[in-house]
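Presented below are the structures under discussion, each in the form of structure tokens.
In what follows, chain A forms one complex with chain B and a second complex with chain C.
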Partner chain A sequence: MRREPPQRLADYGPLFFPAGMLTVFFVVPFATMIAVSFFQREQGGFYTAAFVFDNYARFLSLFFGKVLGFSLFLAVAVAVACVVIGIPFTYLLSRSPRKIQIVWLVALLSILSLSEVMIGFAWSTLFSRTAGITNLFVWLGLMVQPQALTPSFGAVMTAMTYQAFPYTVLVLYPALVRLDPTLTEAARTLGASPVKAFFTVVVPALRNTILATLIMVFIFALGSYLLPQLLGRPQHWTLSVLITDQAIYQSNMPFAAAMAVFLVLVSLALVGLALYAGQQRQAK
Partner chain B sequence: MSGLNLSHVTKQFGNFTAVNDVSLSVPDGTFVCLLGPSGCGKTTLMRMIAGLDLPTGGSIELGGADITTVPTHRRELGMVFQSLALFPHLTVGENIAYSLRIRGTPKDAQKKRVDELLAMIHLPGFADRSVAKLSGGQRQRVAIARALAISPKLFLLDEPLSALDAKLREAMQVELRQLQQRLGITTIVVTHDQREAMTMADTVVVMNGGEIRQAAAPVDIYRRPADSFVADFIGQTNLLPVEADSAGRASVLGEVVEGIALPAGTAKGLLSVRPEDVQLTAPGHGAIAGTVTFIRDLGGAIETFMEAGGAQVIAVSAPRNRPDVSVGQSVGIRLDPATSVVLAR
Partner chain C sequence: MRDILNAKLGRRGVLGAGLAGASMLAMPSVLRAQEKSLKVGVYGGYFKDSFDKNIFPDFTKATGIAIESVAEPTGEAWLVQLEQAAKAGAAPADVSMMSQVAMLKGQSTKLWAPLDAAKLPNSKNLIDHFVNKYPDGKIAGIGAVSWYITLVTNTQVYKEAPTSWAALWDKANADKLGLLALVSNSFLLEVTAKTFMGGTKALDTDEGILKALEKLAEVKPNVRLWYRDEAQFEQALKSGEIPMGQYYHDVTGLAASQGSPVRSTFPKEGGIQDSGCWALSRASKKSEEAHTFINYMCQPAIQATLSRKVGTSPTVKRDLLDLTAAEFASVSSDIEPIIPRYDLYQTKSDFLNQKWTEMIAG
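Now for the complex of A and B:
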């Protein structure tokens, strides 16, 4: 099919709607947030228009640096966990009978219908001492007495991985289904065990998809603010939790906005770095 | 016993029998073509030889050892897939070196072998190219080189040339056969193209319905088909009903043909006559009476279609022996007993 570049203004017509949506729901709020981040906070009140760097200056402290570092670490850990579990899972899923695939995909899609609050409380119940899975372990004789698994870093990780897992599978699934199954068979005839074939053929052939999945889950996990509060200790709180705290409970909109802007910039920089690294390896 | 030996190999998928009790002996260094229509079980048989599918019955021996349940990666074989299955994330050189890398061959030995193989497939200096930028024929050669990198005991090719255009395919058939003869490697090719099988194979194995119908040299398959399926599948043939008359002589389409005998105790059969063995003469004098219905002049050969006793008979002649007939004309058809084969009906 021959495609010609748009000639007249009307040719750009199909782009107007998405452009409008993007402007109304992303550009305008984000611009507002950037503007607010430079405003002056009024003690006990709201804020007044100004152009000060106080909000950013306050942010440059060891405390916030640690929180930012932990947020990024948590997001990366969740992304890696999702991909590490998701690739073998989706690979096996894509090789199973159609009926089994449909059941799994419907189950995974139904997780998406659960809100973060429900996921959080479900896991806090599962990890509790009185009604949690440790009671099952005691019954099975694996533990002496039930104990609480929450609040802890493990609990936060588990719930966040659980929440992001359906997205991981949905992004990996089309690529794995399209992957020529004879590639692994060819690797096996060439002397690679099934496991070796998986790591030397399937994983490298999917490098771009894996990178895209990592970035997507990373961004998704960076925005999580409910699960760290429900299942973690204060040291497991992410920057998103602090932003919520500042914006809603402390009524410090300018400071919350500054943190949000900073978080966006840092994550954009990391995504850019990941893409750049991916391209470098491709060029090689 | 060396070579590849299949005995009573059977593969069932649920209630469907893909391969039924196949026994076949392939001596070392021979080139075998598994030939048959799609769904005849030839690919399944090859996959079992490769270990990609496990037989539900029977056993497979290679070089005296039972390999029926040995995993694919320990069978030391080379296989070219129909899709070629070149690894998209590796260069030409890395693709070819894959089996060596998996076995932990030193880097410089890998490089030496890759250069050797690239020279063999007439693509020297292609090591650093991306496989995506190769032409169909080049991809084909790379797939062959990759399969041969470890000098395998057994070289398997599943419809290897089906993606190529007709001219290139014929050239590759000759090249593949010459390569196999030079290396002396036991080779099995799955194909549905009988010209391909005739060009390359020492032994053609004709399969249908999961069973071997005949395994023999190409010329024997063509000249002495074992049954009507083989006769019809290999090349063009006239399958004409033969009946024994009251005196016990064989008659074809109402005329007694001297020199043809039905097996003792049978009254009916089918006579397979290749179109080039059908002779046209004047009607009468003991020739089968026929009427010309169509003439196809292909330039290199002339096909004359005739109707005789309710059956269609095709004769093929070279241009210099062009029969002097026209559509609608009555002709006499003569069959040569020496080149005709009586088959069970």
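Now for the complex of A and C:
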């Protein structure tokens, strides 16, 4: 069947619905947010429509710079951790019998049904002094006395990686299943060890998928605000936590909006940079 | 598909559809006219459950007005929602219980409909500072309940109850405290000022505030958790994971009465007294019912029931109440309370918030 280019306006019909949804649920709210970010904050009240740069000016400080820096660092760290654990895991999974694959995939998918609150509370119990895993270590004779592992950076990282891991596997899985097994077999025949074959054949073949996964987990982790709050110290609070504070607890919508706009712009820029770098390497 | 989209819509069809639509919109108000009702916002969880069980059914019995209780979040989230809804002419709740900081912010935008004192004869029972007024003297809100934030401890970890807020600064309590995460709900600046600077008047100047923040920064090594979510701290306090901190006197008392190893102590500098007002959204169309409700809640007998059943401290004068000394002591204290500097959260909220966040997260 030959596909004809759309001729009349009506031929674009199927596009209207998604375009409409995108406009109503993304473009309009985002535009509102940008508009609000320029509004005048009324201390002790709400805001009045205006066009001022105060909200952005307040954000441009060392303090918020550090918070933004930490948020980006945390999101990158979670993305890298997910991919580093996810690739070997998914690779082994895609090579295992069908039955085992199904069990694993169902288990991973069921993590997605857990809310962030449940994940946060579960990990804070697991990491607690009174009921946590260190009690098990004491019982096994590995530790002298139980200790609290939260709040700490490690606790935040663990919970966020746990939360993002199912997505990582779901993105990597189809690519790894489709990967031609004869490629690795060829490498093995030519004398490469399984580990070497994995790094010289499988990983390069998946470069685009890996980049896509990194970006997806990065964006996902950047929006996290509950886990850093539940499991981290105040220095581990992300920009999203401060945005929530401003919007919900200080009723300072303009400043919250300005911070959110800034966060979106910075993350878009980073994603753009990553895609550009990926294309450049491919062009070579 | 095409035919359906292009089907001719006759004049009659439009009229018919319009009529059906209009009658559907009108229906709920017809139903409402038969049964008077009022939507009341109270803090979700323990508060709402207690009100639903102990207060609202009696009110409906006495007045014939049905109450639909709405669980509202603490903090200013509810204020933001009410404000946004009022701009659109809607009221998610007619009457809401609002904390003082939220109350004042709502007053500055005239979110609360002025209340008519003539329709609230019982309001004269109230202690004066529990009646919120607009600058022109109109009543913006009427004290609903008051509550204390006190020094709480796990009784298994601390055999002896602490006696002073200074315990928060004690080096022996390293990594053992749970404190509220926000300047506007922890009121720790006031606590610092009262404990170390001779009173909350010390916060009058910016220098005073910065000095208090500096002193407060010394507790940071002792703080294990700066909490926004009350459940998180309550659970950790009960298990002894975080054995000391600041928390609500009423909820702690309830937990203790249910067998948890926790206690609430009024420090010698006083507990922090915060209060909630009943306020009517300007978008509400139930002014009559709202006045009836607020007036009902101002009765000494109801306030006494609240103290006994919900554990809140009364907003009406002590001598009008039939509470025994023991009952009164369980919800309040004769030690002079620390009253938050609400004015500061109005005039200097951004300054306070910025310095506070830098202090705890920096």
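Simple rule for what comes next: the second predicted complex is superposed on the first by the 283 of 284 C-alpha atoms of A that agree within 3 Å, B and C clash if a C-alpha of one lies under 4 Å from a C-alpha of the other, contacts with A are read in each partner's own complex, and residues count from 1 in each chain.
One rule holds in what follows: a residue touches a chain if its C-beta (ideal position, glycine included) is under 8 Å from a C-beta of that chain, and two chains touch if they have at least 3 such contacts.
These numbers come from a predicted model, not from an experiment.
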item	value
Joint occupancy of chain A by chain B and chain C, clash or fit	fit
Contacts of A:40 with chain B and chain C, given as first, second, both or neither	neither
First, second, both or neither for A:32, with chain B first and chain C second	neither
Arrangement angle, chain B at one end, chain C at the other, chain A at the vertex (C-alpha, nearest 10°)	150
Partner chain in contact with A:185 - chain B first, chain C second, else both or neither	first
First, second, both or neither for A:48, with chain B first and chain C second	neither
Chain B versus chain C as contact partner of A:196, first or second or both or neither	first
Contacts of A:148 with chain B and chain C, given as first, second, both or neither	second
Lowest C-alpha to C-alpha distance for chain C against chain B (Å)	44
Overlapping contact positions on chain A, where the chain C interface meets the chain B interface	none
Chain A - residues contacting chain C, complex	41-46, 58, 63, 67, 121, 124, 128-131, 148, 151, 229-230, 234-235, 237, 242, 245-253
Residues of chain C that touch chain A when the two form their complex	75-77, 79-80, 83, 104-105, 108-109, 175, 181-182, 184-185, 224-226, 228-229, 232, 236, 239-241, 345-350, 353-354, 357-358, 360-362
Residue ranges of chain A in contact with chain B within the complex	180, 182-183, 185-194, 196-197, 200-201, 204-205, 207
Contact set on chain B toward chain A in their complex	50-52, 71-79, 81-83, 85, 87-90, 98-99, 102-103, 146-147, 149-150, 156
